[in-house]
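Read the structure below first, then the notes.
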Amino acid sequence: MAQTREIRLGLPSKGPLAEPARELLDQAGLRVHHPNPRQYQADIPNLPGVTVLFQRPGDVVVSVRDGSVDFGITGWDMVSEKRGENGHILPIHTALGFGQCTLNVIVPEAWEKVNTLADLKALQAEWNRPLKVATKFPVQAEAFFQRNGLEFVEFISAEGTLEIAPTIGYADLITDLVSTGVTLRDNRLKCLVDGQILASQGCLIANRESLKNNLVTLGVARTLLEFIVACLRARDNVSVFANMRGDSPESIAERMFTQAVIGGLQGPTLSPVITRQGEKWYAAHLVVRKDQLSQAISELRSVGGSGVVISPVSYIFEEEPVEYQAMLKQLEDGNA
Amino acid sequence: MAQTREIRLGLPSKGPLAEPARELLDQAGLRVHHPNPRQYQADIPNLPGVTVLFQRPGDVVVSVRDGSVDFGITGWDMVSEKRGENGHILPIHTALGFGQCTLNVIVPEAWEKVNTLADLKALQAEWNRPLKVATKFPVQAEAFFQRNGLEFVEFISAEGTLEIAPTIGYADLITDLVSTGVTLRDNRLKCLVDGQILASQGCLIANRESLKNNLVTLGVARTLLEFIVACLRARDNVSVFANMRGDSPESIAERMFTQAVIGGLQGPTLSPVITRQGEKWYAAHLVVRKDQLSQAISELRSVGGSGVVISPVSYIFEEEPVEYQAMLKQLEDGNA
Amino acid sequence: MAQTREIRLGLPSKGPLAEPARELLDQAGLRVHHPNPRQYQADIPNLPGVTVLFQRPGDVVVSVRDGSVDFGITGWDMVSEKRGENGHILPIHTALGFGQCTLNVIVPEAWEKVNTLADLKALQAEWNRPLKVATKFPVQAEAFFQRNGLEFVEFISAEGTLEIAPTIGYADLITDLVSTGVTLRDNRLKCLVDGQILASQGCLIANRESLKNNLVTLGVARTLLEFIVACLRARDNVSVFANMRGDSPESIAERMFTQAVIGGLQGPTLSPVITRQGEKWYAAHLVVRKDQLSQAISELRSVGGSGVVISPVSYIFEEEPVEYQAMLKQLEDGNA
Amino acid sequence: MAQTREIRLGLPSKGPLAEPARELLDQAGLRVHHPNPRQYQADIPNLPGVTVLFQRPGDVVVSVRDGSVDFGITGWDMVSEKRGENGHILPIHTALGFGQCTLNVIVPEAWEKVNTLADLKALQAEWNRPLKVATKFPVQAEAFFQRNGLEFVEFISAEGTLEIAPTIGYADLITDLVSTGVTLRDNRLKCLVDGQILASQGCLIANRESLKNNLVTLGVARTLLEFIVACLRARDNVSVFANMRGDSPESIAERMFTQAVIGGLQGPTLSPVITRQGEKWYAAHLVVRKDQLSQAISELRSVGGSGVVISPVSYIFEEEPVEYQAMLKQLEDGNA
Amino acid sequence: MAQTREIRLGLPSKGPLAEPARELLDQAGLRVHHPNPRQYQADIPNLPGVTVLFQRPGDVVVSVRDGSVDFGITGWDMVSEKRGENGHILPIHTALGFGQCTLNVIVPEAWEKVNTLADLKALQAEWNRPLKVATKFPVQAEAFFQRNGLEFVEFISAEGTLEIAPTIGYADLITDLVSTGVTLRDNRLKCLVDGQILASQGCLIANRESLKNNLVTLGVARTLLEFIVACLRARDNVSVFANMRGDSPESIAERMFTQAVIGGLQGPTLSPVITRQGEKWYAAHLVVRKDQLSQAISELRSVGGSGVVISPVSYIFEEEPVEYQAMLKQLEDGNA
Amino acid sequence: MAQTREIRLGLPSKGPLAEPARELLDQAGLRVHHPNPRQYQADIPNLPGVTVLFQRPGDVVVSVRDGSVDFGITGWDMVSEKRGENGHILPIHTALGFGQCTLNVIVPEAWEKVNTLADLKALQAEWNRPLKVATKFPVQAEAFFQRNGLEFVEFISAEGTLEIAPTIGYADLITDLVSTGVTLRDNRLKCLVDGQILASQGCLIANRESLKNNLVTLGVARTLLEFIVACLRARDNVSVFANMRGDSPESIAERMFTQAVIGGLQGPTLSPVITRQGEKWYAAHLVVRKDQLSQAISELRSVGGSGVVISPVSYIFEEEPVEYQAMLKQLEDGNA
């Protein structure tokens, strides 16, 4: 029966991931159409049969885990905290490139001598009572403290603005998400230098059962991964056209192969340029990483290139994405 | 030791109660001074020694319950859900006049035959399986369903946008807060006609122990109640001055006492008006309710009044507020 | 049957009168409650039985004329243009104090020699062809041109941004509403010095038949007029309390009667002030116009006043408003 | 003489078409320069000699019809309603891709049994009186009702918020524009299932006489059409580069021709890729439709393609646009 | 000739004083009418003959000094810096109640040992080179450093964001205005504990010559001072009405005179209240300071008061304002 | 020592150049990362070792002049005014394509006969007293007046809104920046027809010493120029792909060389298109200027082109930018 209902994709309805998640889908050619902002459903015209649901970031995880939703985009912090033990959640892309933050152990600035976990342990020994730690991520926090041998700790589960908890005595210290650090500083708190519990960013998850039992889900997974991966790869690259002087394509390529950036594995496309005066010129076309562009220009010039034109790229599709292969592998392993 | 630290007042940091709570304090002469919006602390210049903490609406209740905060303003819905059994929370004003909403049992519009709790019971019997109810208020919801004999119910605790839960099969029905009903309608849901679990509005709560052990807390409670009560009472009243023709104050008052609105219990203030021609006029001053103003004007005219000038009032202080008396009573009862 | 349906009040849904119309009702104690901004109906909690309809300014007039709406607030420009001949529209307050503008004859700045209607006439004679006049108010415009002997005129009914009509040759000149004149200047146009067709502001109109046949309508008319008139009058006045030295109320009043502003027709209220040292002081209470306040202070000081406290007033109710009497008179006249 | 004045293009000054009309021109390389927002004129630096006029959507049609403006961009709904019979308006592009809406027959939700025109006819028969229909588009509405045999109908021409007309009895039903349907639902109205009178979107119109008599106008028409058509076509396409393994361009093309999407009519561009190891690779370049991109990737892979790079395109110029040819044809026909 | 031109009042066109300066005038009954926001002139309908000019805060001082403007409202910091030696500027109100800030000596947070001027002196000695101080207020800064014996200092006059000067080595330290301190902290700077150069707030200044030679200017000065002083005084007070039980006005007043707040110098107004049962009640009317309201309520209750109604006051006019007297004195002194 | 500190780039913190300066860097691949908007420092992830400082436009010049900042982007007006005589400032790009404005001599509209510098001279002669000129750019203004033989002029240095200076008699005329002219007109001022002192736009400046002594600075200068120049050039160009029928690349190129736009100096890239039917087609790739695109399309069609696809370009790198060469030259000259 599951095959006959529509496929569902949960997106964050608010918080810092809501906007970038929709932007990523938009750039990946999968724009969300949502005419009535008070309604919690929407659709993706280029993915017929898929319904978008706007949910709180944590509810995305819970719904995918219990199978009422097939796919979700949310933060890795939430997935780690709420995915549970049952293996129903399959993370299929864990680095969507937005919502970067870290989950950290955070103490008052006033604790001048406490900068590491070891200092914290010493403090606990000195006080001779359990440390009270307020956290929105008790699962992660407890595991981290245990891993690091900090055992005399009492966890207080809380929601919202933990930043005041140490001030009001509600807790001694907190674990919380940090992106720019400005809010911490305004509330006179600091991170421990070795207190990073988790690095998080936006990720795409799926319900394992739905993937296994419903071919439509599998097809949607493949389309999502294909377009998202191709879109993310394109963000870091540009398309480069350069005019190269040379007797033959082979001799030009030879010179280019001597260079670090423009002498990539496979080689450039080379097409003849017809000139008025009959000199031999070829147009080279290649794709280079944005952060190597400056070097690529230098290298091109050093081997006789000029008139370098850079164009944006929207997608780069390589072979079937490794993320898709990895997902299939996980599905099989789960079967074994 | 508790006596020596500052008194704390928790206010909602976001949600529909955040703004009106600050506005009420402002109108009551207790403006919150909060220069850095990223900091979660503030103060009230007219209440020295009191620190304001901005917290999520639910955390206000939890902090007052555990004593890390002395007073809180939040919704009665949250107080009811999270006050717990231990009696540490003392509600000292339960009708602050903002944030009105109701907690309701809500079902899909598509359930055309289900409009009452009885219908719901019948549906459960027909389906012969427990109804799944998603709720942000499990304590309230369970008590309500039990009180009404709906026992085959499975509660699913959730946060955020419950409105999609029935659509995606995450739950059969929900209980949620309703203010205007527009969001319900957009998501094709409806309230049961006898499904109101709770009526809520903004309220002021305090920590019982702090009130009992700390005279400063008691003083702050009295000031808060005095000014809030006087401010709320003033909202509904205006000050009325009218010129009345008559031989003596007594004869004018006599005529006024025959009227419903302007012949109140105690009677008007009457002062002589000195006229050029020497006729006998008196100025009457009284306070009337805004919703009786139209009638008051008619009555004044009918007994010879004219030139009625209406002025706003900022506060009306009667005897010590009944809310303060009731609070002292509760404190004593708790001691017995 | 008409008696049994609700009474309707049309308000402008957009344009420069929309906001001030709602503000006036709000200040007059008749706040419009309109929770869903996309809905075109609302109500006034303090006027039960009255439904508010949001309509375009011109539609307000048409609906009151045809009786589908009982009352309307809109601009006098619209009323003048669309009230028609049949006398169904009764203007019951024509100076609500907002939306002031004038309807003017407007020509290009480039017509340096044309500044009066006489100049315009001369121009027409010189051109020897009818002048083309674009206007949104053809009824008003035609009557005005005829009254002023400008007969060779062709009117072009238009909507919207007339300011470009002369530039593009769609018309030679225009008649249009002017409030600050800035838009005129930006489009290089100017008003004729004797070309004011109409002065307009917000006004309250009613359907004559509804007033005659429905006592509820009449009651609503009275309440609207009472509160609006009392509110408008209050805007221009303040309440003045002053301490006056003097042997008796009569002697103080005598001195005050010699003054222009504070010696009004009826005289002040005078109440004894009890002083520590036993000197004779009285408190005078009077109402003065805001624009005479400065003079009132001087006069009070000149006759021994000091400690003058000024308070705002919300409403001033005199005898039944003359506007209501005038309305009843018009209804009777219509009957004769 | 007309040849010597500037060419004029009317754009909507407000309403839902104003913003997208300017965006389309911007994307088509014809940005409107409008430094003073209170002025109703502007220019297009890349179209010297053309003046932009901002007008109300309906006035655009009227001005083009009477020749005071040469070109206009506005909604097809307005064109249909106001173009008149005289053939002065030539629609030269009727699908500019924005402002999509439909003109519909709309009745109260409360009329549960009325869902089709036939039901409406039955209702009219039952009531035995003409149905009152409020409409902003009387020409369209009357023709539609007549075409469908609904004759006992009285039309009421109105402007603005028709949605309240049925509620207040001003009309029985309405015809109005619908885009998302949310406003309808908020005012408890519904469309008849067979009641669509017109489908509308933004369109470009011209004055026939100006085109016939003024070569400058004709040149502007051609430029507008060239760039708008090339821009609209580009929106739906992307540029695809792929590396293909193969012995020769011909053998690669052969394999590509076997495919549905990438084996288009004309074939790909193929240029040699020079590789380090000397394998034979070629770069294929082709343009594909966005909605076929997913399939194009699969097809490319199936015939040995890899490293597919997608780039955006800004314009696609085919032969002289068919819209231009059609316009010339219409001009000639008009002459015959 | 000067007598015949209009009187000019310079207001800050931007910066933190612009808005509050206009609000103060508005509350004082002197609303600025400024329909075209791009024009730098405006008028005050209630002060005919006075033209408002919007100028940069420093230019206000310069224009009043050179006599091209008669009055100015700006910050005391600017007045102190730019008033010059010639005595042309007469400050006539120096505490308008807005724009409070201090001019401070500010050093990097990293200078852990430098917290006082003495520390700064020590640092200078240690470095053995002049300290570079960037400042927008060189006159004030130099005088302050000299007064405090810090002589080896080189001043760098600068505009704008001084906060980066120490970081980039443009200066060693700065003097700058501080209101909340948040910006300092964000740029890792701190104030010296004894480094306050000046406390500033909004003030009203006038040109001495204009006041001496032009009676109109003198009249405007008086009106400005009267209304501003009366408005500022009213902000801190409320009007109190209370019902008092007692045999006679004198006996009630006697009891009130025993109290600290309600037994003021002059005594309350007392008017009889006529009651149904004939008990003796009087209504007391007095004005109390807002920050003593709480105590006033207690005192009233303690001497038999009840039903205390508080109303806002708009102005309190005492005798001719001391600020006006002081101004006349200064004018005379200048003559001597 | 200077070599070891970070390189600094000053950007305008406010005013009309602030936003476009950041946009240019962003488009040039050098996005400014500035998470805390109240901090005056930021960095450019793609230019490690470079710190951005936000300064007032004039302070950018002063800081680069004194060497505390290495590079600055600001208006040429500011550079001209404040660069001083010492040659420390090296302008390395003077046409960044934003912030265009002119510095003009501006007089009241009321001076009907004064439209040229000669008229101004005549006026001065007639008045027989020096003209008072208010200016924010005294250096530029004085030089201009002197160059033009206007010697009897008194300059008044001022900041801010000079537009009111003539009205209030603070000056007779002004020199000020003009971009759209709207503000001038609102304040009834006009430019002299031959009174343009300077044309300004955004420019990039550097400190000469830093460039000479610090190789890192030189490297940053080169990167900035490379990317900014390539980005600016790209703005005006597009990439054109067209299918060309022809027997050989050479014959196609021959035909293209006969054309004005598409027969550029070097010639197109030509690659074979493999067609189903075996006709001979080639794909031509060239770059053309946007403002010649229309003509390029026509020319391509005229020589057998079709299917023209236009793509955006992000950068065009030619040989090392002439601006960089010019900078090196200036550095050497300075050494000589």
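Read from first to last, the chains carry the letters A, B, C, D, E and F; within each, the first residue is number 1.
Note that in this section a contact is a pair of C-beta atoms (placed from the backbone, for glycine too) under 8 Å apart; a residue touches a chain by one contact, two chains touch by 3 or more.
Owing to the predicted nature of the structure, the values given are computational and were not obtained by experimental measurement.
Listed by label, the chains touching chain C and chain F alike are D, E. When chain centres are defined as mean Cα coordinates, C lies farthest from chain A. Put simply, the chain farthest from chain F by mean CA position is B. Per-chain Cα centroids separate chain A from chain D by 38 Å. Chain D and chain E have CA centres that are 61 Å apart. Touching of two or more other chains is recorded for residues 36, 182, 271, 311-312 of chain D. By the touch criterion given at the top, residues 29, 35-36, 46, 223, 226-227, 230, 234, 239, 249-250, 252-253, 257, 265-271, 285, 287, 311-320 of chain C touch chain B in their complex. Within the complex formed with chain D, the chain F residues making contact are 180, 182, 238, 241, 243, 271-276, 281, 283, 290-291, 293-294, 297, 301, 306-312.
Residues of chain D touching chain C in their complex: 8, 13, 36, 38-41, 53-56, 58-59, 62-63, 66, 68-69, 158-161, 163-164, 167-170, 182-183, 186-187.
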